[in-house]
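Next come two complexes, and both contain chain A; in the first it sits with chain B, in the second with chain C.
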Partner chain A sequence: MSFLPKPKLHHPKLPLNELGFTRRDYEGAISTLCAGCGHDSISAAIIQACWELSIAPHRVAKMSGIGCSSKTPDYFLGASHGFNSVHGRMPSVLTGANMANRDLLYLGVSGDGDSASIGFGQFAHSIRRAVNMTYIVENNGVYGLTKGQFSATSDKGSKAKKGAVNTDEAIDLVGIALQLGATYVARSFSGDKAQLVPLIKGALRHPGPAFIDCISPCVAFNNHEGSTKSYDFVREHNEAMNQLDVILGRMPITTEYAPGEVREVTQHDGSVLRLRKLHEGYDPTDRVAALHHLHERKAAGEIVTGLLYVDPEPQDMHAHLGTVERPLNALEDAALVPGAAALERINAALR
Partner chain B sequence: MLRETSALKPTDIRNPDTFHKVVDCQWACPAHTPVPEYIRLIAAGRYSDAYLVNWHSNVFPGILGRTCDRPCEPACRRGRVEEEPVAICRLKRVAADNKSDIRGRLTPIPAARNGKRVACIGAGPAGLTVARDLAPLGYEVHVYDGAAQGGGFIRSQIPRFRLPAEVIDEEVGYVTDRGGVVTHYGQRVESLKALLAEGYDAVFVGSGAPRGRDLDVPGRAEAAANIHIGIDWLSSVSFGHVKEIGRRVIVLGGGNTAMDCCRSARRLGGEQVSVVVRSGFEEMKASPWEKEDAMREGIPILNYLVPKQVLHEAGRLTGMVFETVKAEYDARGRRRLVPSGEPDVTIEADDVLVAIGQENAFPWIERDIGLEFDQWGLPVLDAATHQSTVPQVFFGGDAAFGPKNIIWAVAHGHAAAISIDLFCRGEDVRNRPPPDARLISQKMGIHEWSYDNDVSLDLRFKVPHAAEEVALRDIALEVELGYDRALAFKEAQRCLNCDVETVFSAKLCIECDACVDVCPTDCITFTADGEEAELRQRLKAPALNMDQPLYVADGLKTGRVMVKDEDVCLHCGMCAERCPTGAWDMQKFLLQSAQAAPCAQPMAAE
Partner chain C sequence: MPRQAVNDFVVKFANVNGSGSASANQLFAKSILRMGIPIASRNIFPSNIQGLPTWFEVRVSGEGHLGRRGGVDLMVAMNPQTWERDIAEIDAGGYLLYDSTRPMPASRFRDDIQVIGVPLTQICNANYTDARQRQLLKNIMYVGALSALLGIEPAVIEQLLAEQYKGKEKLAKPNRDAFHMGRDWALAHLSCPIGLQLARADAVGNRIYVEGNAAAALGAVYGGATVCAWYPITPSTSLAEAFERHCKRLRTEPETGRKRYAIMQAEDELASIGMVIGAAWNGARAFTATSGPGISLMQEFVGLAYFAEIPAVIFDVQRAGPSTGMPTRTQQSDLLAAAYASHGDTKHVVLLPEDPRECFDFGAAAFDLADRLQTPVFVLLDLDIGMNDWLCEPFAWDDSRRLDRGKVMTAEELEAGRTFGRYLDVDGDGIPYRTYPGTHAEKGAFFTRGTSRDRFAKYTEVGSAYVDNMQRLLRKFETAKSLVPRPVERKAAEPASLGVLYFGSSSAAMKEALAALEADGVHLDAMRIRAFPFHDDVLDFVARHERVFVVEQNRDAQLRTLLMTEGNIDPARLIPILHYDGTPITARFIRAAIADRASTLKVVPFAGAAAE
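Up next is the complex of A and B:
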């Protein structure tokens, strides 16, 4: 880790976004993670995505649990709201916050231990409840904070740093998210920002449960020969389905593609997800086909990445429950305390 | 997305020029003074060491710390990432002001002579540099000068309120008073032919550009008593022959000599002193800080005025008339001054100082000795060796390629000394020795460096000045007080340590992007190779400063290249701190230009 803060001086030609901020304005404290940690690249991608989308930092709530990944919200969006919860409990804290104030942008940051082990149930339920959020798992397949034991996402047959072979089946969080109804599902790699940044942007603009499984090599404990989450292994086996561009309404379309090469998905807020096909016959709006393809390619030893599934017309928890539109902290007393007559009516309806 | 385009050649970091260029200040310095090295020593309170680093490179640290034209400062990287460059020049003065007795640490002069005799014509910065470089090798150097003391224009032209005489005495003394050098002061060389006949093995001409350009307008001759050539007048002031000037003074010219003239005039009784220049204010040759200093002393600078006539009454100058002009540019961007149509401007005055340029003059060099001159009256020289068409005669300083400044004169002196040494040993003078360049890792611990990599956010500190009412009363009172030690430390901390280079080793890199993410100035990109012009556009921050080179390395596993734009790198070492494999290392690049004699002292601890 570095002991000095990152110098405040920046490139003199650093561009400003629509809010007048530079990318550096979206940074947080300097990382205390090991040098070379994939998580730092994901933090950088989040910073880039938020800057490009001109998101007002104070309209973001970043939530996390425990672990290396869950430390990272300290390293980006220093001017945003944040909550560092108990191990594995980020999803329910995020759900609660979202219930109370749907106007904020919710960014859940978690790891494979936090989401696939101790918080597996929480992860599953937040997805199936369709909480409107961006849920990023920084997946390194190892318990880095406790020095490199296999995690629940370590692939069967992969080797630990000291040579032990993992005999347990791995949890595929992308598969679970697809099954449980996530309406935006992607996988990416911390070492490929060209792919990752647009995926995060798309997720932030997606009005439903958006899940990104981001493979993020642990340089200290899981970047060796025999690991399936190392920089080299992921680069060799990465099979990208598509390349995403997030087009906001006002941006002119400059690149031309041959017919059939591009698939556009217009989201509810008018943003367009433009997917350049890299893989013949892959339909990112077909959930069943996506699951099938995922299993098939995994069996072939490939790591499928890209935007794997998107529902252009998602519904979120608030729509399911019919909750009030305004944040609870913006409701006046009359709405919050409807009085004895209202209570009487409710009771009568239940008799 | 690898493209089939011609690839950029990987950077050869074993070529000393590669990293030398990154040290912008040192690269820009004609004498290639290792600037960051001495600034770090000042920050560490090691003033004598800092002085010696300077002395080795530029011979006159105390003098230059007050008067240098500072080509280093406009080049300073700090000026590109923040508002102003590091006050390099004034930090040099701090080293000179605060050092202890360093005489015992200067390059020793051997008692035994090597039997060769060299004559230096002119005891200015160029000639003294030649003497300093050659004496330690056993040469017997004879320095001739028409003045009674050494220093040349340093002594005669620069006013005492900018440069006290003690500083000149001290630093000239380090050259002339330690043996090996024989001074012939008060002895102007009137014939090169006669000097050559004295059997010197080599002669160095460092006689300066001693002729001030004159004014040619109506009334010039009639009012001659009140019109003075700037450099001659300055030297008369310097030697105490002139002690006063009229109440109203016009100074013609826009160079540093004009600035010295107007400020001297202010101190000798000039109450209404104005500087009048033909060109625009921005195009003036004077350094910005010299213009500032003049204006601070209540001297207006009037521009776009061309002298038309000198007004006089009964042999006394009464003023001058100027034509008002404006600049016009032709299709090729060349400037022309044309009448603006506005009425002429008349300025009343008692005296006029003419500082509109200097010329070379060699009336003492016979034209029949084989020494060729070009159409501008300058000697025909080899630009690198300074050798003239008479093989044993070498030129340097203003006498060589026309008027420049002290630091260029020093650089010429070093180059000529190398030539003279080679010549006297019978070797080819074109066979130039390479610089001494070293690259040393600064790594001390996992994230500890032997330099202070914390980047200061302070803006440039102003140098304290003496109160104006006191300063203007005494021409010998130094105006600038110099930084005190505390201020010097803070200013020194603004230095970005550009000599601590980011050295990349592709075979160690795992392409994790940690350096890319942490770099505060977006210098680093890993990308597909391509042609430079196109590649510069698609870096993380487009590299638009074409003066600054790209550092390109290939040999990465993915087949991409690492490209670092050196332009605004802060040398903070964050890339190396965040690198998990040590593919980046911070290594100090220490370059000493070649000199005839080896270094006085081993450089400061690595």
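Up next is the complex of A and C:
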């Protein structure tokens, strides 16, 4: 545990983004996780993605549940409000927050225990409600804070540190998210920053439910031989579908690709997701094909990563609810309180 | 001897669920109100949608008693399933109205009641061919017969039908016709009127007739609630549904037709309260509506909201017991569950409305209190208030009133350099300042968690910081005492050494019982508790009386427990009067129970009282 304040000093020549912030301005408190924890790499990727997108940190709401992963929002975006809520219930808190103010960016950070076990229901329902959010599961297949129990994403047959073998079927959150209507679905690996940062950027720019399952090895309890969430195992079995670049508005396209190598998807806000295809014939806008592909590669023992599905024209919860443009938390008394005259008419109808 | 009474009797309708009787019974009830005579009406129904028995009881009370009386003077027995028990329930000298289409042997009646047969099915079948019409209009037809028997003015019924079917003459006409068919048949074939009579009066005034759930929902609209997250559960469902109905009319943006509110039917009560807390954390006024089992499920989140100091409004429409308990029966049995909800050391603000008018008032005030105190606020209704129409004072609103958002630090204040510590008690009232997310680019952000933090919301697990915080929360609870609705005291005609404390839906029965006890020579000062934490007046009231009866509708004397714990009161001085069979408490019960205990106390002269 570290209680030291982080020094604010930084190199004077650190690059600035469009808002004039350095990457350091997107950092948070010093991490209290174990050295080498995959989660810290994900925090670093979130920092990088937000900095590159020039997101105003205070316009982000960081929400989490309970567990190692859910502690991490303290370690990035120190100028954002954060909410370390209840185990497995981050999705409902995030949903409510989003109902109250549709204008903020909602970043939900969760773990495999938090989202696949205790919070499986809330995870599922927040996805099917199409809450506009970026939902990242830092998936290490193990309970870290309580020291090494299997989680519901542990693969069948994988071995715990002390030798026990998991006999239960694993929940594939990506498959569930696809099935329940997430409009941006990706999987990545905390050890692959080049892949992860653009995936987070694309999710943050996606105006609908964006889900990223990020495999994140637990160095303390799930990085041994026989684990299927260890650094070595994931590196060996990682099968990337594509490589993503997120291109905003006026940014010039610099790299040249041969025809057919690149697929571009323009999102509703004008951002372009440029996908360099690594797998022949994979169409990331076909939900059914994505599910099929996922199952097929899983049977072959591969961990499929990349942007697996995107709907460029998604609808979100507020569209379904028919709420006003103005955030509900900003409506003034006059718009909320009908007044005495209206009440008198109601009284009259009750006599 | 047939019972004789003017404007003072009980009519009970025994119907079959789903047979369309509700609107006819409602018509009957409202017609009496329109004649200026107060009524108290109650639905008695099982957990079922179609086919099982359901009852509707109307107590006509020219004197204005609104509690349940007990006993039946006129039974309208329309359900063969419950015939025996319905007949048995009629007071001696009372009346039975039944469908005499099929002849019945004398053995199925009683000698000591007046039997009135109207061949309702026969008249219906002769006049209508459509099966559904036959069933629905049969109900209106018995209202017609009752109008002749009891003296309901036909013009009043016609007016009510005209209002109900405004612009839909196609529907109004058959109802009107059926009403007159029943009335004319009764006038021609029966001796009208019977001993029970309605006489036009002027005792209703400008009062309204409304159910508590709808009133509480309207309170939420006026209280500025914009987010409602809920999960269906009897008897609270109609609260959330009423909120939606009110909002459609009152909160639609005129230019766009879009909603100035968001309602989410969640997947369970955990998600409901989670959404409420998320929304309130983010600066919107948010609530959920539930009942006892839902409160159980919300416990963890309620604790988080208490410790993290997030406003939330929870309407708990109490019922009897668990899901397979008696979900359609009333009780006041969630008081302790609400007051001490959740893990760790917690205490919560609980508001206790007595009728729909207070459901509206407290429904609106709950949001100001939750924001001001930054804590969950429970509003405890019960099925009796929530799902029955009550005669009560009209709703009122002062247009100069502003929503009190509490201590929220603005971007301007942060910019001006005001110190912001999320859990810093700057004013000495235990209430810190908060910021809404997204307020200021560099200042005012904090990380919300339970208690592992200091006054500036920085992470710490140091014991002294924890104790410091818990002490501040106690100071805040102390502040709450002066903000919640004060208790209402009613002094006895003579100086009394006995007192009685009560709350919520027991109020109407209590008023009636107090008058009766007074007539019996039992003098009691009475205080109606309207909120927890208890105002100092409550403890002062107990101190001023030798013995205090505590009347409540639960088995374990929960209010008494709360008084003992919070007020450090000697248990011997608090005498429990408990009613918990799922039916609303009656004046007869209270009167008998108090008279009984009072006589053994030998504190005051005892003059005897009727037993129920």
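Keep this in mind: the second predicted complex is superposed on the first by the 326 of 351 C-alpha atoms of A that agree within 3 Å, B and C clash if a C-alpha of one lies under 4 Å from a C-alpha of the other, contacts with A are read in each partner's own complex, and residues count from 1 in each chain.
The rule we apply is simple: contacts are C-beta pairs under 8 Å (C-beta built on N, C-alpha and C of every residue); 3 or more make two chains touch, one makes a residue touch a chain.
Note that this is a predicted model, so its numbers are computed, not measured.
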Discussion item. For A:Ala164, using the defined touch cut-off, is the partner it touches chain B, chain C, both, or neither? Pick first, second, both or neither.
Written reply: neither
Task: Check whether A:Gly322 is in contact with chain B, with chain C, with both or with neither, and answer first, second, both or neither.
output: second
| task | Please work out whether A:Pro338 is in contact with chain B alone, chain C alone, both, or neither, and reply first, second, both or neither. | result | second
Is A:Asp103 touching anything from chain B or chain C once the two structures are fitted on A? First, second, both or neither.
second
Q.
For A:Ala35 in the superposed arrangement: first (chain B), second (chain C), both or neither?
A. first
Discussion item. I'd like to know which partner A:Leu14 touches here: chain B for first, chain C for second, both or neither.
Written reply: first
Open item on the list: After the superposition on A, what does A:Ala300 contact: first (chain B), second (chain C), both or neither?
Closed with: neither
Chosen between chain B and chain C, the partner touching more chain A residues is C
Residue overlap on chain A between the chain B interface and the chain C interface 3
Note: in the complex, chain C contacts chain A through residues 33, 206-210, 218, 221-222, 224, 226-227, 229, 250-251, 253, 256-264, 266-268, 270-284, 286, 300-301, 304, 394-399, 402-403, 435-442, 445-449, 459-460
Chain A residues touching chain B in their complex are 1-4, 6-14, 24, 30-31, 34-38, 40-41, 43-44, 190-191, 193, 217, 219-220, 223, 231-232, 235
Counting only contacts in the complex, chain B reaches chain A at residues 80-82, 447, 453-455, 457, 510-514, 516-518, 520-522, 541-542, 544, 557-558, 568, 570, 572, 574, 577-581
Touching chain C in the complex, chain A uses residues 3, 29, 56-59, 61, 63, 73-74, 78-86, 89, 91-101, 103-104, 121-122, 125, 129, 318, 321-325, 328-331, 333, 335-340, 342-344, 346-347, 350-351
